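Residue numbering begins at 1 within each chain, and the chains themselves are lettered A, B, C and D in the order written.
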Amino acid sequence: MIRFNCDYAEGAHESILKLMMETNMEQTPGYGEDHYSEQAREMIRELCKSPEAEVQFLVGGTQTNLTVISAALRPHQCVIAADSGHINVHETGAIEACGHKVFAIPTKNGKLTAKQIWDTWEDHAVNESYEHMVQPKMVYISNPTEIGTIYSRQELEEISKTCRECGMYLFMDGARLGYALTSQENDLDLEMIAQCCDVFYIGGTKVGALFGEAVVITNDTLKEDFRYIMKQKGAMLAKGRVLGIQFIGLLKNDLYFQLGDHANRMAMKLKKAFQDAGCEFLVDSPTNQQFPILSDEVLKKLGENYSYSYQKRIDEGHSAVRFCTSWATREEDVDQLIEDLKNI
Amino acid sequence: MIRFNCDYAEGAHESILKLMMETNMEQTPGYGEDHYSEQAREMIRELCKSPEAEVQFLVGGTQTNLTVISAALRPHQCVIAADSGHINVHETGAIEACGHKVFAIPTKNGKLTAKQIWDTWEDHAVNESYEHMVQPKMVYISNPTEIGTIYSRQELEEISKTCRECGMYLFMDGARLGYALTSQENDLDLEMIAQCCDVFYIGGTKVGALFGEAVVITNDTLKEDFRYIMKQKGAMLAKGRVLGIQFIGLLKNDLYFQLGDHANRMAMKLKKAFQDAGCEFLVDSPTNQQFPILSDEVLKKLGENYSYSYQKRIDEGHSAVRFCTSWATREEDVDQLIEDLKNI
Amino acid sequence: MIRFNCDYAEGAHESILKLMMETNMEQTPGYGEDHYSEQAREMIRELCKSPEAEVQFLVGGTQTNLTVISAALRPHQCVIAADSGHINVHETGAIEACGHKVFAIPTKNGKLTAKQIWDTWEDHAVNESYEHMVQPKMVYISNPTEIGTIYSRQELEEISKTCRECGMYLFMDGARLGYALTSQENDLDLEMIAQCCDVFYIGGTKVGALFGEAVVITNDTLKEDFRYIMKQKGAMLAKGRVLGIQFIGLLKNDLYFQLGDHANRMAMKLKKAFQDAGCEFLVDSPTNQQFPILSDEVLKKLGENYSYSYQKRIDEGHSAVRFCTSWATREEDVDQLIEDLKNI
Amino acid sequence: MIRFNCDYAEGAHESILKLMMETNMEQTPGYGEDHYSEQAREMIRELCKSPEAEVQFLVGGTQTNLTVISAALRPHQCVIAADSGHINVHETGAIEACGHKVFAIPTKNGKLTAKQIWDTWEDHAVNESYEHMVQPKMVYISNPTEIGTIYSRQELEEISKTCRECGMYLFMDGARLGYALTSQENDLDLEMIAQCCDVFYIGGTKVGALFGEAVVITNDTLKEDFRYIMKQKGAMLAKGRVLGIQFIGLLKNDLYFQLGDHANRMAMKLKKAFQDAGCEFLVDSPTNQQFPILSDEVLKKLGENYSYSYQKRIDEGHSAVRFCTSWATREEDVDQLIEDLKNI
């Protein structure tokens, strides 16, 4: 059984484990106050061309989302998200458990538009009985989205402009950011993201690390006491250096981007194979997650040797499923899958 | 200016104030442990034919909703509601502030169906990655709904059956229950409601009291320590007898139902007048809230002498608005409005 | 049975009920946006000589405490209180349910000192591992305290100065403020309190109203979106005018202070009688709550005709109990109690 | 600079890193549903002789504490802890942020007694105004405590008995459990702990793992939906196998106990050296944390080559500090410290 069901089936890139081995018995301060974490922070600030940014390392995506949002909002404020957004559907109410409504907006391709954001804000801020409604104060987007689509530079700039006009923070979930930034259709880079967003993160868990998300905060208001909130949410790793070391490994020699590029190339091979086989897709994704629509029969056959994740019933007899590639995907496995697909 | 914008523009029915006057200097224990509250509880248990029900008096609707829901759910559980439900749109995130997601379902007429509830439950309970999603544990309905519609006996029984099959609590917001139970289209009564729901409330604030909601809990699990949660949420009135006394006044000699009936008759007069004038309605409401769709011009004219509340833009030139009658609406004011309407 | 167990055993001062009667059928906007509430606000601003203060009316003490504290603090921040403070012991964890630690400090007489506040702040702000501890951001005091003692002008000014040096808000719970300000030992007034505190409230429930607490916010930061938090906590009364009207009644012709003075006079009579009988007291209280230490035998005898509330076991055979007078206490009842005391 | 300031200054035991290396490229399901995690669970169930126990792996201590407590309590319930308990002082209000009061009880040696627990429960459950106070429902103890002391079998059994009589859960924080179970004074084992507690954890972070805490739940009520709460709190590691693998490494061939034993031996050497030097101690600790009271002068000297953590001012000129040994402490470093101590 070869796993294409997710992008976290393996451990970490070998070079990262090596770095952990080499530094293992060194004594350092805890809680991210060690020199490795500091070095990783500096590397990230340089990549983002944001010398003043605060960089903190957390363990996983849900944890990062709830920590950032809890740190940013007052009790009556809500965060706007696509209805397919991770915080809205796949975090067991983590944001609500911190006291905040996720105001979900329907989208076709997982992406919010500047107009949707503006309209939502206007609905809440202008209505006469506004005190009876939550107050939108943050916009959450993911790049790539949960269904693989990515934001263009123009889209992000428009969203950012709208947020600033409305006095709302812009927060980008970058759990798979490496796969967005190395997509052939991408025209964004870390510098632009740092300029457009008030806070975002560079995901490690799904792009070559054992675990770890690097939060980059550019808005001064959001920096204040952020580490208190981390600690309170159980998001401050005792041996913080393990996070710093992993990000050093990922960012040294552009490994992070090479890993992203590899996954995307594998995904494009798969995409082409599905297209050649006449498949429709749930959505046109330029990144490592592909959502072909397949017949029950084909799915059953493929399921004998490959795992995928189930997405959605499309019609009597067909479903959309997800095939993920990752930094660890072996090209021979992709080739074998393509070969098997041809034979079905 | 005559107010039709809401059903809480006046104080309380005169007989209630009198009762408060008469009992004013009597010394009683606090926090609802007085004999008036006990008497009111007994009256409600009899009306509901539920001798074992726990009855508690709270001050207002948002407070009651958040107290009941907070008492019922564990942290990972959510409450299902119509997307127009009061808890979803007009309580400033009160439920989320207690840690719980409101899982909102789109409806046309403000009412949930048994099928929608079943499908939602199935989506969350059967999906393979269920632990990553909130767990539905309570269904919130309002009767009448926020747009005036009411549940039939059959609808309520089907919903109740579905909830019990799924292991979910059924909670009815009865902020305007008096207007539902006295609607010409109604075929429900308090006994049936007590049998179908695990918890519901009889609203006083909008039906003749100064304030006050009587919560009726029939499910034993929900009774446990309910008063602790009341106290914690600031929902236990020090001079609790003021609530007990008001409900005695409301329930004595069927006053509550007479007041509801009056408001509905006034609303039906208004409805007919709008119909006669060729108006469309946002929804066909058989209770005290009417939602005619009127032209900007007509609205402007009416607005000179009558207040209404704005609901929704329908098209270029027309909007739906809300006209409310209440226990206190004077028939001469309704007649005047109808007269003025004819002249426009 | 004559009740001395609390100061909320009766309804409201007659003049307040009259005012409610007279205005009962007038139509007004809801949620405290009516002209009565506005008039009451203006009266309070004048009494406090704080023309810029925001004044909001809430229903009860626990509700007010949780609303103010929830509005003021970020998630990692705590409120400092005396360990006997109402929020620490008698609100069923209301503050914690809003996410915040009550940092309780032991006191002998229910009052915090500026030094205790400073030391607590220093412990948290200077310690090397400060991010691992809550951050003190608000100080909660009650005046009178839960055991009847009051703050002097000098004490309050020192506390206020310390809070400002530490960047903490000062919040005074004034549930019984009328009894503090009319105590013979008092040297404070509303103007000084408004200057020293960032937020405080003038309690109505225990001083002549049916219910109601008038929150006065002088710190601009705390004003922001306060009404959103009120609504979210279920603390925005639909018929808000009922609160406004009551405070007009209380503040007109100094009624509030006359009622306070009456209760204190009755309490001093009682105090003297207990002193004359050779009683010790749990604490020397100059206000309407008196805490004599009595033998089991005396308590049993007194308990036949008078209710009091149990406070604390002192030794084998003796307990401290609480006798409360109030705006409604009848002098003949006090005289009778004194008489009976003499005969025991 | 040699670090004795904490027991998490190094990475992980070499054998654990090796196991991670060897299994690195294997594909497994996520979220702890892999075969390594299952194998580790089985090893723990056997060690605890609790075949029905639910075992879940979390990342760190604060996270584990807040997840367990949030899963166990209803909103009005509190957890009882020693005032020096980690949840009370060093988790930035994590428990309160989940809505619950930590009811802190003063202790001399960091340990709660059965009597203290009973008395606290009685104060809350019997008092007439009990609904106005939080309801104790869980007792939190740590073993060893934050100041190194350990519970005897008899103490634990008495506490357990009391908790069961009062209907309260017993929860043991075992962040340093390895150091308790291998102390010379210890007479407990995992089986007894599993029998006495409703839930406890075996700490990895401080005893040889990179990170990881193994929660063992023996009470069926607490098992229900525990994984939902984990996910909600951001405590479900995507690559869960990394936790399973570490615990396999720790528990294979008794490594966990060997590491504990090593740290304790090193601590006893240090303790003896301080004793020989005539030192007093803050507390008599039989585990890896030692709290000698030293003069400012000695501290300054020692501080040139060794890091320790500051605990508490004792008097003018003396402070208690903490010296920690750990699984990774090198005997030559201890010997050097002892040597240097002699020379001061």
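Everything below uses one rule, namely that a residue touches a chain if its C-beta (ideal position, glycine included) is under 8 Å from a C-beta of that chain, and two chains touch if they have at least 3 such contacts.
This one's a predicted model, so the numbers in the text were calculated from it and none came from an experiment.
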Does A-C or A-D have the larger number of C-beta pairs in contact? A-D
Measuring between mean CA coordinates, which chain is farthest from chain B? D
Using mean CA coordinates as chain centres, what's the gap between chain A and chain D in Å? 33
Distance between chain centroids, defined by C-alpha means - chain A, chain C (Å): 50
For chain B, residues that touch 2 or more chains besides their own: 75-76, 91-93, 97-99, 131-132, 228-229, 231-232, 236
Chain D contacts chain A in the complex at 1-3, 6, 8-12, 14, 17, 20-21, 23-30, 59-67, 91-94, 97-98, 205-206, 210-211, 228-229, 231-239, 241-242, 328
Spell out the part of chain A that touches chain B in their complex, as residue ranges. 75-76, 78, 89-93, 96-102, 128-129, 131-134, 310
Seen from chain B, its contact residues with chain D in the complex are 31, 70-71, 74-76, 98-99, 131-132, 135, 225, 227-232, 236
